[in-house]
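Labels A, B, C and D are assigned to the chains in the order they are written; within every chain, residues are numbered from 1.
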Amino acid sequence: MTQNLIDPAPRLDRAAIAKRAARDLVDGSTVNLGIGIPALCADFLPAGVELRYHAENGVLGFEDLAPPGEGDPNLMDAGGKFPRHVPGMAFFDSVESFNLIRGGHIDVTVLGALQVSRNGDLANWMIPKRGIGSIGGAMDLAANARRVLIAMEHTVRGDISKIVNECTFPLTAPACVDEIVTDIAVIEIDRARGRLVLKEVAPGWSFDDVQARTEAELDADGTVGLMA
Amino acid sequence: MPVNKTFNSFADAVADIPPGSSIMIGGFGGAGGQPTRLMLALRDLGVGDLTIIGNVAGISKTTGYGWPDDLEPIDQGMFFESGQATKIICSFPVPSTTNPLSEIEKAWREDRAEVDIVPQGTLIERIRSAGAGIPAFYTPTGVGTPTAEGRETREFEGRTYLLEHALHADYALIRAQKADTRGNLQYIGTSRAFNPAMATAAKVTIVEVDEIVEPGGIDAERVGTLSTYVDRIVQREAGDPLP
Amino acid sequence: MPVNKTFNSFADAVADIPPGSSIMIGGFGGAGGQPTRLMLALRDLGVGDLTIIGNVAGISKTTGYGWPDDLEPIDQGMFFESGQATKIICSFPVPSTTNPLSEIEKAWREDRAEVDIVPQGTLIERIRSAGAGIPAFYTPTGVGTPTAEGRETREFEGRTYLLEHALHADYALIRAQKADTRGNLQYIGTSRAFNPAMATAAKVTIVEVDEIVEPGGIDAERVGTLSTYVDRIVQREAGDPLP
Amino acid sequence: MTQNLIDPAPRLDRAAIAKRAARDLVDGSTVNLGIGIPALCADFLPAGVELRYHAENGVLGFEDLAPPGEGDPNLMDAGGKFPRHVPGMAFFDSVESFNLIRGGHIDVTVLGALQVSRNGDLANWMIPKRGIGSIGGAMDLAANARRVLIAMEHTVRGDISKIVNECTFPLTAPACVDEIVTDIAVIEIDRARGRLVLKEVAPGWSFDDVQARTEAELDADGTVGLMA
């Protein structure tokens, strides 16, 4: 996995990963988007899809950010940015916010990851060699959202696979990930059987190209589609 | 005879906090909902050996998290920079970047501070439980992770849960938009966050507000913290440049 | 495409409730906050073998509790009078007077209904826990009383507590003042009571409101139940004579 | 205790019991008054004492009732009556209401009783022979209020003492009562030692008169005062 393979075609950029992940967000869902690539999903919702965005710090129903310099410190999202005031929002405290999460009322969360294992274990809060990390709402979201979607780059430098047999980084939650969208593939996790099912590849990529950059063994059910 | 909960200065409101106290600091992280003037008064008081309990803690100064671009961020890192705090219990003590190092990470690396990292939902529920008379509860969050190490687990209907305990404090420093003279509080927007729960969980709750009004000056439908929980109220100066 | 949660009639909103369902009924007891029109629709539906979960239950009809003097009180006793309910889980099933006998006491004496009496604070916390993903918690209430019989106890810091479990339901019938079309709810006065917690604890939450408004028609600071929890909304007719 | 004793002087009426109990309510306290005699305390607060009344159904800071016919069904107290709208109230749901109680934030509750034992056990929710009763908020209040004050008649018909060695009725909470105010006496309970300390008697009544109508043994620390 650490040999320098030559990519058969360009990888998707961060925006394209987010755009593909956004296609899996179901109309009317209550959704929590993590920081980074996941947050970009909001820019790429398919026409006609209306979501309720939840932020851990206590707001439901926000949309895009306020123009630079016009942010209201009392309307923040969980990433520390300032959304615009829009009709239909609701404000609440952290107790209520985590009742919503812990109680299983978040339909989908899109999160980033450091590692995902073949049985859906997620590690995304600490790099062991740093020795300190931030959990924030990630453990609650990963353990309790109805659907956990990971949006991330497929590998890190030197083509080290982030999709692994067993996570070596500290876990955020075991057996929680349903689907992974990366810059070269879309993979569904059949957690019950510990199978990684390759559903789509980036244009110009093959099953074998993706497998060569993936530590864990991939599987396919019928045809593999094209990411778009 | 109405009990007078109003203090004339932030310094007076925190003056009796002794060394060794545990201090909850409200808000989420970022400027909104943070009791910034009370925090500065506690720093100026200079007492040490403090345990700080917060949520996102000490990441604004180096990253600007939750602060308007035109202001110098102020965060809980101040108590680690000043050497007053020896422990923090929080969910988000460090940003993803280490350049420059945050005050909390610096104190942790130099072995000047203990850092207890708790999942956010567990942290707020532990604080809420302290105020609500619930000594312990079970949560699914953290099972199978480092958070579960040394913790009791139990199965309910085939799923495993962790036993978590109430988290109390000696003092809560919180922030609200308005107080009435009885101590009822009104919050605004996302500034609620950890403030209402912390108000219930400390022996002494001290609140920083923009405005103090007479009873009736807060709509009965908009009271976010009941007067029973509030011990001391300090009003900010008009035109305070901090959010 | 906004999901349409609005139903045109109370009958339609409850039409799919099958026999054997567990039904939470919001409010406190009394007219305010009680989903009276939904209750009447459920009675007219006629399904049986119901478990009712309420608070103060079935004492208004014989005592007038919580009803204006000039109106005929309506309460949860209707489901016991009709024979639809075979069990109630509540905190206050009978008034102090037995003359005349309430419908619930009558059903209990005639062995037509099981009555499970839970301390009010435990009942609401069990409902809240169901919505909040907490399978069980410890409470000091009920220790050393008949409530503790057969229950697990545990000591924390020298005090004894009971283990209590989350209480879920199939349906919640609740009452609010306003809904927006997304399902955010606004409550008024003491009509909150058990409504907000019940909205979170049932598989299907059905709400009776005085008014349905567009998003923005409820102040974001005044949302008492988040749209995520609400499945069906029915607006009362203008000028409905019931409170 | 069941012999027909001749009372040495009139007993206090319900209002007078409430008036005496109200003297023990401390300025600024958060107070929950039970139904019956306890509810009457609000009419007899000493001058200068301002309390915050809490009702289980979710209101703090209410005062007297609305005039007949003018009650608002959405402003009810826990007894099912309708207080007036006054400035400074707060409305909240039952979760919050019982956090306040269970968390030990109610300074004093005044409750009625069927029986109180020498060690402060309280029975006030069910008469055994009826077989069904209503707990409501009584168990939470009795177990968790900082101070539990009982306001009741001293005996029931046939001079049966309600202050007993051991409660025979189902308990509301064990070892919770701090003080009892009746129509003939004020008694403090020293729970640690299981002592009932007679503090005051009704005008015309003696220690022995009260003891003769009390199943549990009474004690006195120094002089016994007069109820007023």
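Assume a residue touches a chain if its C-beta (ideal position, glycine included) is under 8 Å from a C-beta of that chain, and two chains touch if they have at least 3 such contacts.
What you are looking at is a predicted structure, and each value in this text was computed from that prediction instead of being measured.
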Which contact partners do subunit A and subunit C have in common? B
Looking at C-alpha means, what's the farthest chain from subunit B? D
Could you work out how far the Cα centre of subunit C sits from that of subunit D, in whole Å? 29
Whole-Å separation of chain centres (CA-atom averages), subunit A against subunit D: 57
Per the C-alpha means, the centres of subunit B and subunit C lie apart by a whole-Å value of 34
Note: subunit B residues in touch with at least two other chains are 125, 128, 132-134, 139-140, 187-189, 220-221
Return the residues of subunit D touching two or more other chains; collapse runs of consecutive numbers into ranges. 91-92, 98, 101-102, 144
Write out all the pairs of touching chains, ordered by chain label. A-B, A-C, B-C, B-D, C-D
Using the touch definition up top, name the residues of subunit B that touch subunit C in the complex. 125, 129, 132-140, 154, 156-157, 159, 161, 165, 187-189, 220-222
Over in the complex, which subunit D residues touch subunit B? Could you list them? 27-28, 30, 48-50, 52, 54, 60-61, 87-92, 96, 98-105, 144
Interfacial residue positions of subunit C with respect to subunit D in the complex: 28-33, 55-56, 59-60, 63-70, 91-96, 98, 105, 108, 115, 117-122, 124-125, 128, 139-147, 187-197, 224, 243
Under the stated contact criterion, what part of subunit A meets subunit B in this complex? 55-59, 68-69, 71-76, 78, 80, 82, 91-95, 97-98, 101-102, 121, 130, 132-140, 143-144, 170-175
Please name which positions on subunit B make contact with subunit D in the complex. 1-3, 128, 130-134, 180, 182, 184, 200, 214-217, 220-221, 223, 226-229
